[in-house]
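Just so it is clear, A, B and C label the chains in written order, and each chain counts residues from 1 on its own.
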Amino acid sequence: MKPDTVSITTSAHGLGGLGTVCIFGTGDFGRSLGLRLLQAGYEVVFGSRDSKTSTPLEDFHPGPKVMSHAEAAKEAQVVFVAVQREHYDFLTPLIPVLQGKVLVDVSNNLKKGLYQESNAEYLSSLVPGAVVVKAFNTISAWALQSGGLDANRQVYVCGDQPDAKRAVEAIAQNLGLTALDRGSLRAARELEDLPLELFPLWRLPLGIATGLTAFFFFYLLIRDVIYAYVNDGRDISFRIMITLANKVFPIVSLVMLALCYLPGILAAFVQLYNGTKYRRFPDWLDRWMRCRKQIGLLALGCALLHVLYTCIISIRYYVQYKNNAELIGLIKENTNLTLDNAEAWATDSFFALGVLGFLMYVLLGITSIPSVGSSLNWREFRFVQSKIGFLTLMLCTGHCLLYAWNKFLKPTTYKWYTPPGSMLSLVVPCSVLVLKLIIILPCVNRPISRIRQGWERKRKSVSQQRF
Amino acid sequence: MKPDTVSITTSAHGLGGLGTVCIFGTGDFGRSLGLRLLQAGYEVVFGSRDSKTSTPLEDFHPGPKVMSHAEAAKEAQVVFVAVQREHYDFLTPLIPVLQGKVLVDVSNNLKKGLYQESNAEYLSSLVPGAVVVKAFNTISAWALQSGGLDANRQVYVCGDQPDAKRAVEAIAQNLGLTALDRGSLRAARELEDLPLELFPLWRLPLGIATGLTAFFFFYLLIRDVIYAYVNDGRDISFRIMITLANKVFPIVSLVMLALCYLPGILAAFVQLYNGTKYRRFPDWLDRWMRCRKQIGLLALGCALLHVLYTCIISIRYYVQYKNNAELIGLIKENTNLTLDNAEAWATDSFFALGVLGFLMYVLLGITSIPSVGSSLNWREFRFVQSKIGFLTLMLCTGHCLLYAWNKFLKPTTYKWYTPPGSMLSLVVPCSVLVLKLIIILPCVNRPISRIRQGWERKRKSVSQQRF
Amino acid sequence: MKPDTVSITTSAHGLGGLGTVCIFGTGDFGRSLGLRLLQAGYEVVFGSRDSKTSTPLEDFHPGPKVMSHAEAAKEAQVVFVAVQREHYDFLTPLIPVLQGKVLVDVSNNLKKGLYQESNAEYLSSLVPGAVVVKAFNTISAWALQSGGLDANRQVYVCGDQPDAKRAVEAIAQNLGLTALDRGSLRAARELEDLPLELFPLWRLPLGIATGLTAFFFFYLLIRDVIYAYVNDGRDISFRIMITLANKVFPIVSLVMLALCYLPGILAAFVQLYNGTKYRRFPDWLDRWMRCRKQIGLLALGCALLHVLYTCIISIRYYVQYKNNAELIGLIKENTNLTLDNAEAWATDSFFALGVLGFLMYVLLGITSIPSVGSSLNWREFRFVQSKIGFLTLMLCTGHCLLYAWNKFLKPTTYKWYTPPGSMLSLVVPCSVLVLKLIIILPCVNRPISRIRQGWERKRKSVSQQRF
């Protein structure tokens, strides 16, 4: 026994041993779980269909024992069933041995609604004498191996017998995972669906972002590229890649940022209309409010694209060609260059607002990182999301206003009678800012604050006396 | 009963039920707490002043029962009082019913020092027969609804009865939150003030950043804009927006970065002077050391602004005008362009140092994210913050030195006898680097290392023998 | 007693008191631990060699008592030994007093393998009557003071007596830390080495990155700078700082990104070859797979450098000189500028792919933040790392292909018969993409999927019947 490699494993044989755990199945998950259990100080016994050839965790000295299923089950009180549901019938001959044991179902399905009843309930019906606990199914083999840092560390536990649940929770905690009780075995179905979810809160925001991007892309394609082709016969289709994209993304970003703060304002008006906060918001508003963070993050993504596209403007071939052509024209005409002070102020302010707005944007994004957000108290979180959020919206709206300001009155702006994209993009943000301004007005703000502190309008006088 | 929606809630009726909890108040917090309790497998009973019309959590089947306060309190051992302090007097008639119950005070105040005694102590004096526990006040209704991921998940618990505290802690843990014991009910006041804190550690760094920004802004305004107006009569005020800002922010960033590493060096000298590490640092140094992270993050913010401002230099109207004017001048004078190799080396090195410095800066910022920092062990954390920190400071100081190096000896640099901002900005970083160099010297480093390992100078010989 | 400062500490004297803890040593760690214990509601007694002059935590009212070691030990059941191993012999006279006490060894060594046996085992042999528990050695004094947010909060506990371990774990939990059982006292050695680790998983990736950077740097130095000097006698060595760096870093980034996804593909082929997933991967593959995240993050770092270098291209002195020289040449020759539509399309697509690729890169980087990754379920995590990962690789490979596409056939490209760096850099990414394409083919994908679900090829028929 080499003393430098066994320091942890030997604990299983000393006073610090945490007892023996049995694992059925020497697959990926079974092996990873076994390794982690050994590292934590448990003795591990594998039950395998072929105990001679299976040699899991060979590199671990002294490694776990591998036995037949029946022998292995006798060694421990808790048995992990790390086998696909399709193979559960191997358990039928083991019913007598498993009497009174805790069977932990760690299985998942490949897709939702594949079976009528949950795997755990099926297991429970197969081995009626055992106590089935559903757990560990949201933990991946990889997470167990790599120390649980890369993915979710929460072990959801459900089962009908509190003591059995406590035993499984203790194992989870000893492995450095967080155990969460999720009720009776009937909840197993929900737990089994959990690992199949794919970004449920991102669907609506992604839909909105895709819709807005598609709309503005085609709108600007018609106004810029197709108009030039139809009217002037010029083919400037190459502009799609950057010039057009660098108009679409900032527009989508600004609109999404405004959409991020609109539901909070609408909620205030709904509360004001209801005269109470003790009434549920309409479903669409509730859903919208729940995915504000995702909307904001997509807006940040578009803003980052806009920044990157903008930073490479001057190294583009087309831009250099255009600048050189202009300069050669100037030289040939022998015109004197003069600096337009107003133009310098306007363009520099436009850029400065954009830069500051993006900095605030990034700040908002950083506080969306779970561990950053969770280090803030509620008041700080609200300060960042509300005060800094509206500051960001104001800076970005100002940035866009400075871009569009001197184009309102020129008739050439309205190609085919359509306003430019930047004007369209200002509609939602400006509305949000105006609505916010209304809410800040003392005569509106006072009743909203009172409602949020629990005050209600138009309650029956009886109930008010009774409280 | 629809089987696809009740999987979790039915656990409350099965063997996995966690018991009944009573909530007084159907407000925002009460409802959110109730929903979360239901989801975790508790039975929930609401006590409401108007049990007929109040229908909290309508969308939850089978939802919670709503009763009068007295009836509801009879159903459970733990009663959450989710009502504003101003309305606590509704509890007076309930005193007989609440005898021996655990009353959980979840309330907060709107501002500090509003009342003489804490809400929880007031509640305890109102209902002397009940055991009051302060808890959940740092958790927001929104955090309860959205699964606790967006904001702080730590439930601070205080109270005078250990069993009551354990009961409330168990509830918090079952809701997926982390319970932390904070002592007796006298600590309630502090807990009630906690949600009112607003970035206490950021005040000093923000003050420093604002002060430095204001100073350098006006200093450079006078040197650049006002000097040009007074001496040459030129109005170049538009430069404030970007040219000036892009001088102020890098200067502030560099100085703040140096200020981030200065206290650590001062602490070493203080320890060397004291001859021991077992003596407290002066208060100002202690305060400074505690907010180094915040100082560094503000420095990173300024550096990001500098990078963004720099990246858009070449698309600015003024810069294009200047370049074109210069070029036209060159062409008219028919001068031959020659590449100055030294200049090319100097400017490219200047940019390269800046880019590498910023990369290191970002690296430091990333390790400031709580979950990244907590995945490092102490040695790794120190390596990043100390070694990589000083590397960053060296790169950024070098970046600035290359900018200023050939301006020292030109008399035109000293407008109105003032040195340029870049020279001023080098004072603190260079001092820090020199002090660090002194500390690294073996003759200084050895005693510091010994002191940090517990060695003390000039202790009484008696105590040394005794140890 | 001032009521506004003692709210927490007084809990130690009330019903909420958590008992008394003794700390030997008033050094940095001892004091920090004492402060945290006081804040959590413990009574703290310091044992010091010189109880008269030592006044730890003076600013805490009512502060801890300071006594002689023997007196202090009598006050508590748990004694923290916050003293360097070299001074442990002061415990010998205390053996009678420490009989039956829990001694917590919090010590670390300055380097690995300094002593034959671990500090904790040495302590145990010194005071045989006491129960020694190793704990808290991975927690730094600074982490205890600053609330544990800045560094690791996991307290690893090992010892031979379960009750003693539970007592220490309870203290850790009451301090807001996470306690993890790591087995018997023999594991102490490993725990004592833990704080000495310095980025073990980063070594291989950093080695690869350094090797690639060095190779491509010298390769391009020869092709670009030395070739120009030897053939044309031109000194363009200044290009090293940015032009060359901006070729090396994107190449290294692309190759590293491909190396990040190569092991996953190789693993699939190994599984296909083995016909089972129940066999360990070769060691080199296992090691490679474990540091994929680190490889990817280094690739992201290089990509960020590439972006920063690219964004400052147009403000470089050399670039402006070159552009101006070209333009003056054009004007002198009186040539007419014409826009090459194909060139405009190619260059803009090149930039657009780069920008989109970098956005995806950043997305991958963000999901590497532990708290972001842990908020994803396993399926979402895989989706990001696999789907978005390959999209990133495709975008970046496309970006590079567009750069190299029209240089393949020009003989001037092959200076000294060497291909340009961009062509070399495409070898690995293109191989990875082709291999991935093969894996996606139904005829290959089907057996791999079956193997990953547990199917095995060529097992003895006997074992299949038995299962």
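Keep this in mind: a contact is a pair of C-beta atoms (placed from the backbone, for glycine too) under 8 Å apart; a residue touches a chain by one contact, two chains touch by 3 or more.
Going by UniProt, the chains are A, B, C = Metalloreductase STEAP4-like.
For clarity, every value in this text was computed on a predicted model and none was experimentally measured.
K.L.:
If you fit chain A (Metalloreductase STEAP4-like) onto chain C (Metalloreductase STEAP4-like) using the CA atoms, what's the rotation angle, as a multiple of 5 degrees?
P.N.:
My answer is 120 degrees for the C-alpha fit.
K.L.:
Quick check on chain A (Metalloreductase STEAP4-like) against chain B (Metalloreductase STEAP4-like): do more than half of the interface residue numbers occur in both copies, making it same, or fewer, making it different?
P.N.:
different
K.L.:
Centre to centre, by mean C-alpha position, how many angstrom separate chain B (Metalloreductase STEAP4-like) and chain C (Metalloreductase STEAP4-like)?
P.N.:
22
K.L.:
CA centre of chain A (Metalloreductase STEAP4-like) versus CA centre of chain B (Metalloreductase STEAP4-like): separation in Å?
P.N.:
About 22 Å separates the centre of chain A (Metalloreductase STEAP4-like) from that of chain B (Metalloreductase STEAP4-like).
K.L.:
In chain C (Metalloreductase STEAP4-like), what residues contact two or more other chains?
P.N.:
Those would be 149, 311, 314, 327, 331, 369-372, 374-375.
K.L.:
Name, in rising order, each residue of chain A (Metalloreductase STEAP4-like) that touches chain B (Metalloreductase STEAP4-like) in their complex.
P.N.:
149, 154, 158-162, 165, 180-187, 189-190, 277-278, 280, 290, 293, 307, 310-311, 313-314, 323, 327, 330-331, 337, 339, 341, 343-345, 347-349, 351-352, 355-356, 358-359, 362-363, 366, 369-381, 383, 452-454, 459-460, 463, 466-467
K.L.:
Within the complex, which stretch of chain C (Metalloreductase STEAP4-like) touches chain B (Metalloreductase STEAP4-like)?
P.N.:
6-12, 14-18, 26-28, 31, 40-41, 49-50, 53-54, 56, 58-59, 83-84, 87, 90, 110, 138-140, 143, 146, 149-153, 174, 176, 194-199, 235, 237-239, 241-243, 245, 301, 304-305, 308-309, 311-312, 314-318, 320-321, 324-325, 327-328, 331, 369-372, 374-375
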